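Both complexes below contain chain A, partnered by chain B and then by chain C.
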Partner chain A sequence: MASKGLCEEHNVTETEEPYVAPDFEPGASLESMLVTTDSLEELEQEMDSSFDERQMKESTTSTISEIQEEINDTTVPDDSSSDQDNKLIENDEVEELGSQLSETSLTSNEDCNAAATPVGSLTEEEGCQNPDWKERKKHVFILSAAGKPIYSRWYGNEDKLVTIFGVMQALVSVVQTNQDTIRSIHAGNSKFVFLIKGPIILVSVSRTTESVSQLVLQLTYVYNQIVSVLTSSQLNRIYEQRRNYDLRRLLAGAERLIDHLLNFMEKEPAFLLGAVKCLPLTPSVRDSITQTIIQTCGKIKNLVFAILLANNQLITLVRMKKYFIHPVDLHLIFNLVNSSESFKAAESWTPICLPKFDSSGFLHGHVSYLSDDCEACLLLLTVDRDVFFTLSEAKQKIVEKLRHGNCLEAINESVNRAGYTASQVGVPEMRHFLYKCMSTAQFWSPALEPPYHVTEESERLLGLYQALHHRLHAASRPLKLLHQQLDKETLLGWITSGFELYVAFEPLVTKHSATNAVNKLLRWIKKEEDRLFILNAPTF
Partner chain B sequence: MISVHVASCQCYSLLVDICWYEIDGVPIRILNVVVGYHVLNPWQGNLSLVFVKNGIMTSKSEINLQNFYVYNSSFGQKEGEEEKKILFYYPPKTDFDTQMKNVGLSEAIVKFSDTFNPDQLCEALHTQKTRQLYHQAEQGFWMVMTVNIPFVIKVKDGTEYLEYQSDDVQDNVYLAVLQQSYKMFRLFKGSFTAILSSSGADVTQLKQKLDHFFSRYLLSLKLNHSDILDIFQGIQFLPLDKQTFLHVQCFVNLIEATFAQVKYTAFLYNDQLVWSGLEAEDMQVIYRYLVTSLLPAHLETELQGGSMPRHPTSPFSSSHYGRFVTGPPNLQDSSGNIGKVPKVHINNGMTPELYHLVVYRALSATVCLFIEGSLHLNIDLFKRLDIFLGPQLTSLVSEVAEQCSRQATTSCTNSVDPSPKFVYFNKLNLAQKSTVHLDNRRSGNVAVTPEVLRLLADINADKARMSTTGEIILKTMSDYWVVGKLSNLREFYVVIHQKNANLIEINDEVKRLSDSQLQSIFFHD
Partner chain C sequence: MRTIEGKIVVLGAQGVGKTSMVLRYIGKMFSHHISPTIGASFFTCKLTVQDTRVKLQVWDTAGQERFRSMAPMYYRNANAALIVFDITQYDTFQAMKDWVKELQRNVLESMVLSVVGNKTDLESQRKVTREEAMQYADSIGGSYFESSALHDEGIEDVFLSTAIGLIRLSQDSLCSSLRIYDSSDPSSPVSNAGVGQLCDGDTSREGQTQYSLQTSSLAHGEVERSPVCC
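And now, the complex of A and B:
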């Protein structure tokens, strides 16, 4: 029903293509391993309502302890030691764990620290007085509710920015005295966006075309990144005990993750769409990879997720029955893998909190690349902190089987292939597109071709998509269709109940050929859907 | 459950309200309602039922002015004299601490934004419950206006909570409202710096003038009916054939030749401008004053049997319908009362000039005379003006009226009418035309839903990202198509409500409309 507007056009044109059915949804699937609620919409509702966030939090129970309880119910009586362990994790050890984490897995690799230093290597005379600093397209600041600096994107030494942090804290608290919440300041094309999350304040100063809600979404990701390192319960407890706590001590090393996340969000449409991209693979290869993981790990009781990814694309995801993963959590996992060179050197055992899954506790992750000759990274996430060797052994078996089945080659081949380009679809007017399937929260986009092959242009294209997305998803005035004829391109955004489509055309494309192009594109995606998307939702 | 048939005229706006929310796909935005209403849906011509629950009927809250202030930080720099920087504060009964706190916050916001972005001035502060607009009217003089964000009450898990509709308050629209308020002040009182320099830098006079003007002006703001026209602040021109237009121009020239005191003249027919000798920027403000304030107020007093009868029984003036809108209420009054004639400051950008604004009206025609401000007006001048203007204007107005009725196009006054509606604006001559708005009174009498009207301003805000030409076509959840075309400083917006149309049909429809309505104007495709 929602597909009217574009597809019906077939009645009046002489195209020889068949009629596209109104409920045509390439890539749709009845089952999904991802949570498919739109995170942007969730966010806007949260921001616009006076509903107290904390009230909602109290009512949610910890997913992790739920799983642990279930396991304990089924375990044989003599296994009581693990029961004790679980309780320990929930209580006092969390804090210890957090600091352990920041010391070990996050700061262990010295290369990473070295790579992170240039960001903060401005000399003292520079800093906020420096015109370059002011001209940065996007600043991100994090501070505690008491005004203590926690993070600044473009300057390592936050002490120099102490005045700015002070002003931001003052603005937040003055507005709070009116029982109100500051959201943004607008000056020309600059936006100053504030997000207050429990004990911390996040601020984005941006000169981009992104909307306030998109910037808030980014800040929420940054907050979630912090939660992923500390857990929300630890974060809240720290500030309950000491309001003036300097969180930098606990987050040492995690700046790198935030830096990387911010850069990542400036390049990747995945965050905007709230969806995940899959590595194109023939269905038989993907199935055999999935089956290998299920066969090898199926017996390991408290394994919650097995995730295989390469090059920011998902290869497969096997989950414990009943449990799903939110795209936000998956994006944070992508970011973790991406920004940690150390995983390449050796298999790691790292605590990780998935904020949407359970923000109050840690999962334990066995993270390793499949082999020296394969770029794919495997994460095995469990609630049990003592199964490193079991998982390590399982991983070895998985790699052996995959190698035997020529799956590693297939993965490599797909990673190294330049990828489909828009021109392969066979519609010359079309330069680039994003296609998101609603029912599976997966999206697909072709490789960037000229003119978008240079960074500047690809960022501009993402900016255009963001502006299009913003208007289509405006909280109180959502749209079904938006067609913009601009200087350098014509853009089309189209939302139906089944999918979202964003297309960049040549600037002078006629509406007639744009319409035909979209119909042709949808049929192409349908034809390729079992390669481009994961259409099932495997469980252990 | 009782169902009530809404039929009375008074309920009409309520009725329309309900339908809008339905059409926009949001089931019921009206809460705590007593009974069920049978509602006639004007767009679809059928009956729909709105179910409601116990309680009192409350729809979305309105947009109201929370505060409005003018400050200049350089006036209160000495310790203990901080209050001097506040030049005007509304509401006046606000306690001093709150005034200082709010002005202090604004100063901090402006300074904070300046730290990062010295080239661009702060324009708006969004909070969850309010929207604050900023305008530096003159160097150092900041005007700040705060409105509340409307909300609806919703229920989740048995708990009531408010949902704020922040998208309902559009920065570009309300910033324009704030800027207008300054221009209107300047028209009647002169610029802030001019007032200050005339009083030897004593702020008392400036404060008095601000208070005198804004305490009344702010009450006349129509915040719930502000829309894209506030951004344009355009002028509706009356197209006339050459002959009639020349007659009007001849008449104007004759006035200026006969009365040397008259420096400029403007001629309006109904709400449409026929001729103006003023700079467009000045006419823009005066036009808005005439059309939204002076003339409606005048018509009202006339309807209520105002000071002067339509057909004067006096033997001295029986031949015409002319009378002064600003000027003597009664020329025969022996006291020589010349009434209230406002003084206006124009040409503020260059060298400010002061004029008396004398407005004379006969039937639907209005003549504005700008008489040098230094002159003393007396009843004698008004009598001479009346004798000159009255008969000539009365005969001219019938000629113009005849012309208008002949070319009267299919004007649609019916909101049920499904034909395409449009708004056109040309930045070069400020010409504006709208069939979306059913009158010029800014009273919310529009032919589209409020959501659609806001989409026009959304498109206008996105215009900044286009260069000189561009086009935006969109389709809403309730199957409204909205088209915005931009070409060489001209803007053309079309609203079409057609459920089963597609992109190509809409494109053709817009082309037809622009061909018929704007024949001579070239648009890029």
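And now, the complex of A and C:
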């Protein structure tokens, strides 16, 4: 047995890979409804490609207009009048927005003048003397390239932080004058991580153990959340017209989405893994839910995705042929549903931009909970803004059929059951694990049991997984397998072409018994795979 | 029995209490924890005024600036509008006027207009006087109401008077987008519906209320003003 490190020194060893058959990948499937590229890899590519290139890519491929065009090709001439109608309205919108912008520019200038003098002196006093604020482990700031405050976590009024924002903007622009980009600053335990996305700058100031690339990933999510609210085309257009625009006007009411997202990322391993968790259901129940949706919505033109979710877990997803959904987009949908109590009160008709699907435009979403007695939320996403009533009718039918088929009960049962626990696997020394299947971008983890049932401990566990993930994916020296013996637990991380596995064991578990346990675990996942994962990729 | 079916749009600046009003009326509840509406929410409710059944399709819109460009989708073919402001925030009163102007520009058909000053429970912080608001409502040919979604005051009046306004509108037969059902057979609507009124979407969240014109609470002078078209 490897001896425990003396103080914080971890005993890290690379171990021989446990033996599994080369094609043994529990939960694997030849078809996937999710885009399966690894989000960290994608991030690296994005960071390396120049901004212009990305812009080009974005402007030439608009998925939404592609779908609309396709549909226009096949529509009967009757519809042309309504098309024209649409175009007219869109023109109006553009004009309206233009006039709004010119109006706002006046007011925002006034705001700026009024604010400039008194605020500067307040800043340091109020911002830095507040002990709570300084104690926070992670801050996130968003500002425009011109240095205007957009958002700050843990702080109500960004105006009072105007000098801090000024420093951040100065740092970015000083480095930019040398034709370079600032990525991070390291000072003691603190990391200052910068992400520059077109007209806006995102900064994370963190004293956590997260790596720079993980912090960049989080900032990218925050940026995508903003795009999801405004679309990238609107965002860019605004700043092209008014460099000095106060974006908080347009983001009013959406700060809570960013707040929620940041908290969400501190609890949920889904973001780190770039994968989605499914609600465990008997395959026959899941199939019948999926079939009900296909039968009811199959004939509705323009419907791109039907997504049913409960408790941050996916129940089913039906998609238009040819189109896939990216886990990032799905995470943003989970975040939206989670942070919007108002969806529970009534049917909503909500514009949603899915940044990975098409960052330039909105999909229109019919969003509603299945019923008062079932906490599952159904989203029907379309490119057609005039089909609310069609979708509303479809939703009623779906609910009736599901109720008739006892599917609502089955969903409730699965939601209310605490979920599988690690002990059910039958490996007593194993406390918790994350299993991600690469070919489907889905993951599974058991319910958090003692000692991880308290927030502090569960966040510590996620921190350990993050560190392990970072070590395994380190660009300079990627690892396949890692066995870490720490003070409070033993961790094992293992990456193959088919899956990623992160396991937390009791502290004194040897490499040998960990390897045996992992083999047992994989066999258990294989046995349960059709309940834990969605193994097909249904289309309309 | 005659049934008429009308589309109502609820407009106004963010945070004035549009959703709270609708939820108070239709859901008979008030929550301190509702989140801002994203896009718009759809409700239906039915009321009976004397011998006419009125079905209301209520579009509760989001007040945030970024949804402004989507508003036409909701007020297109609307038969009535509730334009809400917060009596403690003068700028929401100004914003309300902008909404009225936008409606007057873009909605050609006659429409029942109601101006609602919400949050009367915060009377001590009032910034918009009843007189000023009433005068404005008069000038645009609308009715003025004050309400408190928190204390459930004045909200029934708003919807009831809107329903009565719709009945009058249907009698004028000037309005082509208002749906009027035949008396005996409600299953085959005599419809001349416009775009966007495809079905009535009977949801589980329906309020159903019986009223008669005589006994209803139309005691306030400002309520009984005939709806004038914009």
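Just so we're on the same page, the second predicted complex is superposed on the first by the 463 of 540 C-alpha atoms of A that agree within 3 Å, B and C clash if a C-alpha of one lies under 4 Å from a C-alpha of the other, contacts with A are read in each partner's own complex, and residues count from 1 in each chain.
As a working rule, a contact is a pair of C-beta atoms (placed from the backbone, for glycine too) under 8 Å apart; a residue touches a chain by one contact, two chains touch by 3 or more.
Not measured: the values here are computed from a predicted model.
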After superposition on the shared chain, which partner residues are touched by A:His186: those of chain B (first), chain C (second), both, or neither?
first
Of chain B and chain C, the partner touching more residues of chain A is B
Looking at A:Ala474 after the superposition, I want to know if it touches chain B, chain C, both of them or none. Which is it: first, second, both, neither? first
For this session: Applying the touch criterion given at the start, work out whether A:Asp487 contacts chain B, chain C, both or neither, answering first, second, both or neither.
Result: first
Contact-wise, after the overlay, does A:Leu30 reach chain B, chain C, both or neither (first, second, both, neither)? neither
So, in the complex, the side of chain A touching chain B is made of residues 4-6, 8-9, 12, 45, 47-51, 55, 128, 134, 139, 164, 167-168, 170-171, 174-175, 177-190, 192, 205, 207, 209, 212, 467, 471, 474-487, 511-512, 514-515
Note: in the complex, chain B contacts chain A through residues 101, 104-105, 108-109, 111-113, 115-117, 119-130, 151, 154, 156, 159, 161-168, 171, 451, 454-455, 458, 462, 464-467, 470-477, 500-504, 507
Residue positions on chain A within touch of chain C in the complex are 82, 85, 89, 92-93, 96-97, 100, 229-230, 249-254, 256, 336, 339-342, 345-351, 364-365, 371-372, 385-386, 388-390, 392-393, 396
Listed in rising order, chain C residues that touch chain A in their complex are 14, 19, 23, 27, 31, 33-43, 60, 62, 64-70, 72-73, 195-199, 201-205
